[in-house]
Each structure stands twice: as structure tokens, then as C-alpha cells.
Amino acid sequence: MTASPTVRSELLRQRSRSARLFLLPMILALAVVAGWPLFRTIYFSFTDASLTNIDAAKWVGFKNYLSWIQLKSGRTIYSGLLVDPAWWNAVWNTVRFSVISVALEAVFGMIIALVLNAEFKGRGLVRAAILIPWAIPTIVSARMWGWMLNDQFGILNDLFMRVGLIDHPIAWTASSDTAMIAVLIVDVWKTTPFMALLILAGLQMIPGDIYEAARIDGVHPVKQFFRITLPLVKPALIVAIIFRLLDAMRIFDLIYVLTPNSAQTKTMSVLARENLIDFDKFAYGSAQSTLLFLVIALMTMLAIWIGRVKLDGGER
Amino acid sequence: MPISIVKNTAFYALVAVIVVCAVFPFYYAIITSFRTGSAIFTIEYWPTSFSLANYVNVIASGSFARNLLNSIIVSACVVTLSLLMAVTAAFALSRVRFRGRSLLLLTILSVSMFPQIAVLAGLFEVIRLLGLYNTLGGLVFSYMIFTLPFTVWVLTTFMRDLPVEIEEAAIVDGATPWVIITRVFLPLMWPALVTTGLLAFIAAWNEFLFALTFTSSTETRTVPVTIALFTGSSAHEVPWGIVMAASVIVTVPLVVLVLIFQRKIISGLTAGGVKG
Amino acid sequence: MTTIRMQDLRKSFGTFEVIKGVDLEIEPGEFMVFVGPSGCGKSTLLRLVAGLEDITSGTLAFDEKIVNSLTPSQRGIAMVFQSYALYPHMTVYDNMAFGLKLAKGSAEDVKRRVHKAAEMLQIADYLDRLPKQLSGGQRQRVAIGRAIVRDPKVFLFDEPLSNLDAALRVATRLEIAKLHAKMHETTMIYVTHDQVEAMTLADRICVLRDGNVEQVGTPLELYEKPQSIFVAGFIGSPKMNFLTGEFADAYKTDILGVRPEHLEIKDKEGPWKGKLLLAENLGSESFLYIDIGANEPLVVRQDGSAHQQPGELLCVAPVNNNIHRFDQSGRPAAN
């Protein structure tokens, strides 16, 4: 408020004191639940910690990330996360999944948002209907769709065969060709409503008179979309996309339940947990977790930087 | 006009496709849950039988009811605790000016961006240290990593919009910050509290990774873990009927809640999204 | 009965100084009005007295006791806000009782005081209603009532009539004047940008400009003996006419000021002549805008409707030599 008054009023002092008191529990909680564990995970990545004996962890430097041995024959053997094909496969899976799912969700979300933005009878019903996929827990969706995608008794195979799209039942979740497709189907089904709602909020901020003026001017609806709607809804759309992208990169639940043990869908989170808990390669898993954190942190900072540059002062 | 009739039918066809795609999986799960035995393995699009055998099985199956209770307890506790801390923190962050305020807000928001796996290793150690492994308390404790940032952020946004003059009138009346929060702001904010609490409850209810990793016995499990790990008598036989019944039991209350609080939830989601 | 004394009071927001050294003494039981154009700092000054803003430097004293570091309720002030600031979720009764309950008053005492104030303001029938069920004028009275029940040492008003329509404004102005008469022992400070409110309500007026005190005095003093052309032009509506150049030279001064109500149209002769540009008829009086060749038209007030026609040549003269002379710096000429 002011520079430095000679006598600080009791009111300001009282409020400052209260503010500190009010913030303390929350900051403490976050420090213990997020700050410290993150620090420890990063620390573990530089040790040889194991699940059964965490306390005996010894510092090993970058060994988990990258190390090499020089053989007597002169060859160098590299080992560590950065040269582990399983890791890079996970990275590729994660990126592939994120980009495709967010792109699909953006397109479908836009379509649904446009539909919900129009005035028609039964609009409330449609809005309620699309909330259902969002309301269903991810694990439940995974099992529901697992059932629908079942190779022998799944209704989807039956439907596609009746319609003639395929000629024999496909093992969607088990087959390596279709595992990612299965995951994408479920994720898009579950998350498009959220995207649609975010885009809808952006659409509703566009004043109606612009469309009326365009109609009077005789502008074709399709052109209206590309010239008026899209540019004006871009900020909301971009925020939604960035949000979802960061979220998609962290995905775990769906893949763990729908397509467990599938090399085509193992994302970084799934791989990391596998190493941490199942394989008892605790330090290795910590390194993977750390790298994932770094990737997301970098992406977040990039997003903020782009946001600042694009919106130019719209930042709080 | 024939063109507009075509346009209209095309539009409503699109609407129908959207609704069917959204609702069908849930509908199918429900009708599957009412089928038993070998009937499950025939593919039917319409409800053919109506048997509650699966539901009886699920509820009688020992730990499911217990798991449901666990989920309720954990979610309710973490939401209550988070809201308590968030309300007071939101006051400090929205109504009191201090240096580093926006940095603090940004830091809190960034915590919600943490991939859960990144803290798994560290949290595992902390939870074991505090003796909270395989307890509901451990889950309540760890869930705060995503409920706190969310509730703080949303409540701060709401409190920021409360009129300054009402607060000043209360100050002139002799109200301390605690009185202002409890007797003036909270009554004005309770719709926001309900919405935020509901969204946080749903997030806690759905949580899987921590529940999977920090519990080891079937009695302590929460519902998502139970449903994920439902296996039959043999490793390859999944009791689909029972799985669907359990899914429906878990989902119907959620769907009902979401439909009742539709408007509030939508505005809550978009407020957090658009402003964030 | 509280004396308020300000000595070299200053307030800065960051590096921007809003109140630039105000010295003012307010008499016990006085109704003091802070008036001035937007941005002059009158609201800020009021908030400094209230304790809602920190004082950067200087002292503020109530009855010789320095109150710089006290909270508003510790200072014993009560305030009526521009937008009423009633608690929307509380009934009228609870709104008025809130401060008393916080001060741990007994239930009887609270009830007594609330009812007494409600009677005084004629809102006793609304005690059970919520603010949203009341009209603007009723809400304002509740806001005043909330302030009265606290039996304050100092009563502060922050532009309380701005949100009311014209008719309601006059009625509420009357209420406030009656309030002052009834509570003649309570010192009151009233902030407004409307000089009519200032003139009608005040015991004394403090004209502020750019964070400085331009002049303090009774309404009549400000009207008859303005100490600067700023005050001369601010008080009185329509504004005082200011003439410079040859018009002023004729009266041996740099700037000549004369109010529209101190001018009359003469039949044959007058120091100023010009064509009538426009006549504004208000029924009870009319204002004539005459182009006498100065920078701006001369405004003349006339009783009743104007019978003159635009384009007509008119002669204007001051009445009873009621003119004001100012020098180049805008101060009254020494004579």
C-alpha cells in the first residue's frame, strides 16, 4: 500500500498478523505434502535407494540418468535412463497420446460447444447428458469400456461387424495395434465434455450482436465460424488446450486399468510407478519421475511465457 | 423451406449422436449389471433381464461396503480440512496486500500441475515415517496435494469479487479479520463453498494412484482401487456382471449429484478454467 | 463533543502524494463538509480520519489524543458509505446491531439502542426485512441508523447521496440536516462533490484541490469572500463569470469576477454590451448567455422567464458593485 509510514496503523498490523496466521496451515500442509516429497523424489534419483531399504540410500550422482563403462576392448557401454529404450518408448507414447487426444477433444469439444451454444428445445437435456462421462470415475470408465471393447463379448465388436466396418472381432485392449486406439477412445469420451464446457464458456462471452450484424450482411454461417467465432474464442480455446495438454502428459489411471502391461500405451507415469513399486528399482523410478516433472515444469513455463507474450498484459 | 428442414434434421441428428455416445456406455453398464450367469455373454442392446443377483453379490462380498465407506470418509475428511484451510488462506490472498502475494498464488497454482508420480516416491517415505501407511489418514493427508491448490485458487477468486465497502463497514463496526470471514464473508460465499467442495469431493473420490500405492489391505482400500482390481476365481475370468454392478453403485450417486448441481458445477469448472 | 485536529497530514500511495500537508481543526459538534472536484483527495482525507487508510506522515488527533495508529472502532468513529454497504444476508435489525454485538453489549442495551435509532429515522417498521427488500432511500436510512447506534464521537459521511435520484436526494438531505440538529453534540464530517449539499448542510466548508486545502470557512464566507478564483468558481451555480483583458483593466485588476446573480440587464446603458446567444428558462428564473466579446459568454441570472430574444442586443451591469478582483496568481487583489 504505502511506502513506509512512520507509524504503522493498528489496523494494517492486525490484518498482516491475521494474514500470516491464516496462510500458515495451508503453506505448511503444501510444503509437507508436495514440496518436501518432490525434493525427496529428486534426491532419490541421485541415489541407489530401494523400496525395502529407503533409509540406506547412498549418493550415486547421475548414475541413474546416464553412466558409462569403458571396456578393456575400448568399447563404451552406456546405461541409464537417457539411453533406456523403454524410457524413450514411454516418452513417445505419452507425447503421441497427449497430442492426439487433445486434438480430438478440441475438435469434438468445439462441435459440442457450438451445439450447446445454439438455442433449441432439449438443450438442458443435452447438457446433462454430456456431464455423465465427466461424472463417472476414470477407473469405472476404464472397466465399462474394457467390457465394451472386450474381444469376445464386447458390444463394440458386435456393432462394428454388423455395420460392416470390420470382419472379425478385434482385441482392442490386448492387441498392440489397437491398444492406443482403445485408450484414446476412452479418454476422448471422458474428457471431451470438460473441453466442451470450457469452450462453451468462451463462446458465451461473444456478444450476440456480432452474429446479427453478420447475418444482416449476408455472411455464410461457415464463414461466420472461421472469421468471427474462431478468432474470438481462441483465447479460451488455447487456455483449455494448454490445460488439457499438461494434464494428458501425466496420465496414469486409465492406462493402468484398461491396457496394463502394454508396451504401446505405457506412459511415463505408468513406467515410473512400475519401476518404483513393482520392480523395486526405486531410484530408477525416482529418476523417471523427476524427468517427467521437469518436462511438465518446462511446458508450464513455456505456456505461461507464450500466454504473456500473446495476451500482452492480460496476466494477473 | 426444404433447406432449413434438411439443416434442422441434420442438427438434431448430430444432437442425437452426441447424446447417445455420451450416455450409451453408462446405459450399457447398467443393463449388463442386471444380467447374470451366461446371459452376460450374449450381446444385447436392450435390457432383457432384470436381476439383482450381481448387486447382492457385490454388497455381500465382504469388503465392498467397507471400501465404499472408506471412500466416503476419506473424501469428506479431505474436503472439510481443505475448505477450512482454503477459506482462511483465501482471505489473506485476496483481501490483504503483502509483498510476494502474486508469487505465492502462482506457486500454489503450480503445485496443482505436479504429476502425482513425481511426489510418489517422496510421499511414500513421509507416509511410512508418520506411520500412516495403509491407513485412511494417509490418504486424507496425501490427497491435499490436489484439493488444497484447487480450493484455495477458486475461493480466492470468489473472495476477490466481494465488495470492499462491506468489509470496510465491518471494520468500522469493529470486526476482526476472523469475524469478517465467519460472520460477513462466509454467509455470502456459501454457494461457492458448496460448488468447490463438491468438485473437490469428486476429485478425491476418483483418485487412484495414491489409493493404490499407499494401501495394501482390502479393508483399507477405496472404491476406485476395488473396482480396478476386481478379479474372478481364475486369473483370466473377470466377473463382468459384478464389476458392472459395483460400477453402477459407485457411479449413480455421483451422476445424481452432478445432475442436481449441474449449473453450479459448470460455472465452477469454467471459472477455474477461464480465469486460470 | 470531539475536536479533530490535523497537522501537516500527508498521504502517499507509493510515490504518488495524494494528500499534501493538510492543517485543519474541526470544532466540537461541528458539521464540516469536505468539497472539491474529483481527485482532489476529499474521500482519501475522510478515510484517513476514519482509519481505513494509513497516514503517511503528520498527526491526527481527537481531543488532543493522537489517533494515528488506532483502528476505526478504537477511534470511536461511525461511517455512512456511498453505496450503503449493508450486510446483504442480515436483517435491518441485525445490520444495525452488528457493531454493538461485537462490542459485547448486553442484549437489552442493544435492543434499546437499535429501536431508538430506528424510531429516529422512521425505519422501525422494517427491522425484520432484508436490505434487498428495501428501496434506495430506506437503505440509506438503515446505513445511517447503523452508524447512529454506535453513539460515535465522530460521524463520517462518504458522498451518501450520490446513489439517490434527485427527489430522494433533496429529501434525504433534509433528514441529514435534522439529524445534525438532533445530534448537535456529535462532530460530523461530510464529503461531497455537490456544492449545493455543501452550502446547505455545512457549518463550515473545507474546499480541497489536488490534495491541498484551498479555503476553510462558513458557506457565506466562501460565497462572499472567496480567497482564490478556484473557490470563487467552485462555489455558486452557475459558475462565477471571470473576465480578463480589457474588461478587467477597466476595473483596474487582472481578473474580474462577478456572479450571474449579481448582474442585471439594463435598458439603455451598461459597461458590457453584447448579443444574446441563448436563454435558459427554468420557470422560476432564467439564465442569459450574452456574447460581450470576451473568451466566454457572460452568464446573467434573471427572475422569471426571459422575454429577450436570441440575437437581441443587451446591456449588462453589476448590481451594487458586487464584484471580485483577483490578481494574476488567482488571489484576491490587495486593495
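The chains carry the letters A, B and C, assigned in the order they are written, with residues numbered from 1 in each.
Here, contacts are C-beta pairs under 8 Å (C-beta built on N, C-alpha and C of every residue); 3 or more make two chains touch, one makes a residue touch a chain.
Here the structure is a predicted model, which means the values were calculated and not measured.
Chain centroids computed from C-alpha atoms place B closest to the centre of all protein C-alpha atoms shown. When each chain is reduced to the average of its Cα atoms, C sits farthest from chain B.
The distance from the centre of chain A to the centre of chain C, each centre being the mean of the chain's C-alpha atoms, comes to 59 Å. Measuring from the averaged C-alpha position of chain A to that of chain B gives a distance of 16 Å.
Measuring from the averaged C-alpha position of chain B to that of chain C gives a distance of 56 Å. Touching of two or more other chains is recorded for residues 52, 71-72 of chain C. The residues of chain B that reach two or more other chains are 171, listed in rising order.
Among the residues of chain A, those touching two or more other chains are numbered 1, 11, 14. If you check the complex, the residues on chain A that touch chain C are 1-3, 5-12, 14. The residues of chain B lying in touch with chain C in their complex are 163, 165-166, 168-175, 179, 183-184, 187-188.
Looking at the complex, you find that chain C touches chain B at residues 50, 52, 71-73, 77-79, 81-83, 85-89, 98-99, 102-103, 146, 150.
For chain B in complex with chain A, the touching residues are 11-12, 14-15, 18-19, 21-23, 25-26, 28-29, 32, 40-41, 43, 45, 85-86, 88-89, 91-93, 96-98, 102, 104-105, 108, 110-111, 113-126, 128, 141-142, 144-145, 148-149, 152, 171, 176-178, 202, 205-206, 208-209, 212-213, 223-225, 227-228, 230, 240, 243-244, 247, 250-251, 254-255, 257-259, 262, 265-266, 269-270, 273-274, 276. By the touch criterion given at the top, residues 1, 11, 14-16, 18-23, 25-27, 29-30, 32-34, 36-41, 44, 49, 54, 111-112, 115, 118, 120, 122, 125-145, 147-148, 150, 152-153, 155, 158, 189, 193-194, 197-198, 200-202, 236, 239-240, 243, 246, 249-250, 252-253, 256-257, 268-269, 272-273, 276-277, 282, 285-286, 289-290, 292-293, 296-297, 300, 316 of chain A touch chain B in their complex.
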